[in-house]
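Just so it is clear, A, B, C and D label the chains in written order, and each chain counts residues from 1 on its own.
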Amino acid sequence: MARTAVVAGVGPGLGASVARRFAAEGCNVGLLARSESSVEPLADELDDAVAVTADVGDRDAVEAAFDHVREALGSVDVLVFNASAAAWEGTLEVSPAAFDRALDTNVRGALNCVQAAVPDMLENAPEDGTAGTVIFTGATTSVRGREGAIGFSAAKFGARGMAESMARELGPEGVHVAHVVIDGGILPPEGDVADPEEYLDPDAIADSYWQLVEQDRSAWTLELDLRPHVENF
Amino acid sequence: MARTAVVAGVGPGLGASVARRFAAEGCNVGLLARSESSVEPLADELDDAVAVTADVGDRDAVEAAFDHVREALGSVDVLVFNASAAAWEGTLEVSPAAFDRALDTNVRGALNCVQAAVPDMLENAPEDGTAGTVIFTGATTSVRGREGAIGFSAAKFGARGMAESMARELGPEGVHVAHVVIDGGILPPEGDVADPEEYLDPDAIADSYWQLVEQDRSAWTLELDLRPHVENF
Amino acid sequence: MARTAVVAGVGPGLGASVARRFAAEGCNVGLLARSESSVEPLADELDDAVAVTADVGDRDAVEAAFDHVREALGSVDVLVFNASAAAWEGTLEVSPAAFDRALDTNVRGALNCVQAAVPDMLENAPEDGTAGTVIFTGATTSVRGREGAIGFSAAKFGARGMAESMARELGPEGVHVAHVVIDGGILPPEGDVADPEEYLDPDAIADSYWQLVEQDRSAWTLELDLRPHVENF
Amino acid sequence: MARTAVVAGVGPGLGASVARRFAAEGCNVGLLARSESSVEPLADELDDAVAVTADVGDRDAVEAAFDHVREALGSVDVLVFNASAAAWEGTLEVSPAAFDRALDTNVRGALNCVQAAVPDMLENAPEDGTAGTVIFTGATTSVRGREGAIGFSAAKFGARGMAESMARELGPEGVHVAHVVIDGGILPPEGDVADPEEYLDPDAIADSYWQLVEQDRSAWTLELDLRPHVENF
């Protein structure tokens, strides 16, 4: 039976690539974004996809969105948490509101999506095999606090801590939790950059996400990093 | 001239040890806690100490508390951020309120205290020497996501991300930011434990905190771990 | 054209699984082991495979073995460095000879194989695409010094340092260097264990190795961990 | 009673600062270097110091040197392993000899010194308190494999693995093992650099080393980093 994957945080970049790739592998795909305009065209393009809108930090809206996906496509097997909000200000410059927005989206938003998706996974857990997969999209800042971005650093570290905690708790229940450190810039959809070699191709990232879904539960990855071959790191 | 240190999060354990040690080294000490009863006796015990009460997550209360310290003891040179609230529930059990409380205290609380203290440090920065010191009290969970404690994992990782971000931003300005990973249980004040050898003595931790304050700015530590010699880690 | 892969350190476990998987993907496979008996039957089983024998710590023998592979199967595109020797003694118990053996196999052996394989990769580097892949088999001890195994800790940390150094140097040249942390026990070939769920299936590990070979160079992984879903870590 | 400290790897820089500081704290100091000229003047300068010469990679010479120290100053309480040899060549350029030299000094040399010093510590272990201290001088490359320095990366990672392994094994026996990551350049003795602010003052590093010796065993540090306040890291 087809798996149902929810991609939370779908814009024209990585989220869309993941959705397309997972659909091509036979998944039903729920596309969650803040605005309809980001996801309607993609939902139309894909078979067995639905677009739902919610700010991930809004718990009720997230629950409603997952209910909608569940009714349309069946219970959730895979969650890709790809939503992110940055706070690019330094220690004294950042406003409490901007700082909170980063926490709301990256950390509280992750909790909202996880609490909406994981019960489905546990309910359908097979005797033998993967009950479900949760993938967090991380960044360089997830593992290296970034100068001048105290809110983003708090938020990305925080989400990584959640992923590690969940992996230890849920692994034995059959739920695979993984955290991917995207260590570089993602090629923008228009591709109008000086040197595309310096960017991660979102389709290539989506390949690695799919491999995580496919991993046998005897050899699961909690964390991997991804970067362009020319990246100076 | 005597330095003024604020210890945010003073209970009978580590916070009190740090306050006593810093006072013994000649610091004026501001003792910040949620309730007066936790800090009044200690403020009475020490010379040049004031007790102030605030929930660190309450921005206005924190600002008022620092104003009070500033008026009583002078501008702030050292901040020890020792407040912590845990959320000891797993992924599906944790309530949004408990999860938020962990973030409010450990992460947003850190921001509130930092934004109240660091401007003093920058204003008084000497040409040569340390302008100020900020020490975060971390835990094992700061570097290892803990099974069954998703909120605490998010919060302690988040605070560590802030410390790293701040260290990179503020180091060149003369402010020393350090994060201490307390990897074990702290000996409770009553000391009624089966084997005290298995616990960190809070006075010994306070020694290391003081050494961080004293470090020459040509050789600053961002992170160190502390654990009992018998700890299995 | 078929790629040529050398698996250095082939026993009946992980090395054999990697060789079989890479052969199934169309690779020519060079099987390098210390004794012929470990690899002859596997070489007979696979098409386009040759068995070569060398102690990886013996530089001349390694060079001769790679020459043999090169003549039989063409220039080398992929190296899986899977050889390992442990020194399971503590600080005072370990003999200099046992300590050296661990370094010779894990560290110097890696250098010998790398220096024999990488020139082929650089020579055949395409304008666009991967010039070659080097995968190191790591262990829990690669990232966590192990009590009572000082030599193994030195050796596994050392090899990881080499992998990181090489990744930074050779990535821009098109050579993908990856280090895989195998965080658990590998299921023995006979499979006579109390609970197979607690072990990594070597075929599942080989899947992840193959995915590393297939990664697009815009999104390469330097390090990933692998462990059984029930692992307590 | 005065403690006896051996500093292995004494040149005019960090080793000399550590020796001077430890002597000033009342230690007897054994100064171990490859050539007499590096240590004789310092031994003359200090009270209760002896100079001994050995290549740390030469096991017999190391044993003889420690015997000499032991006879002159008493059994060894503290070892600072500060010897280092770099191999600044890349993957294909490094010669086996240069690679071995890095391993011989940093890794095998550490084993030789540790096996000569630790038995003294264990023999004199008090019921309560520190039996001895071993400090490894690490570098940025200890935690981040360095492009174009494969041998140095192998060696510095390897020594760090040893330190972690030893800390877990020997901590419960009362021996404190610590690893210090020096993340920046050390101010050269002549001090003729463009901007001294960009360098670590070796006397400031020695302060932190001494604090490690003084730590109460209820709160030991395994690892700390040190860098100039202006360091870009």
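In this section, a contact is a pair of C-beta atoms (placed from the backbone, for glycine too) under 8 Å apart; a residue touches a chain by one contact, two chains touch by 3 or more.
Note that the structure is predicted; figures quoted are calculated from it, not measured.
Q: Just to be sure I understand the contacts, which chains border both chain B and chain A?
A: A chain counts here if it touches both chain A and chain B, and no chain qualifies.
Q: Would you identify the chain whose Cα-based centre sits farthest away from the centre of chain D?
A: A
Q: Give the chain pair, either C-D or A-C, that is connected by more C-beta contacts.
A: Comparing A-C with C-D, the pair joined by more C-beta contacts is C-D.
Q: As a quick test, compute the distance in whole Å between the mean CA positions of chain B and chain C.
A: Their C-alpha centroids are separated by 45 Å.
Q: In whole angstrom, what separates the CA-based centres of chain C and chain D?
A: 33
Q: Give me the residue numbers in chain D that touch at least two other chains, ranges are fine.
A: As it turns out, chain D has residues touching two or more other chains at 168.
Q: Would you please name all pairs of chains that touch?
A: Result for touching pairs of chains: A-B, A-C, B-D, C-D.
Q: In their complex, what parts of chain D are in touch with chain C?
A: Going through chain D, the ones touching chain C are 59, 90-92, 94, 96, 99-100, 103, 107-108, 111-112, 114-115, 118-119, 122, 141, 144-150, 153-170.
Q: Which stretch or stretches of chain D touch chain B in the complex?
A: My answer: residues 130, 168, 171-172, 174, 176, 187, 197, 199-201, 203-205, 207-208, 211, 214-233.
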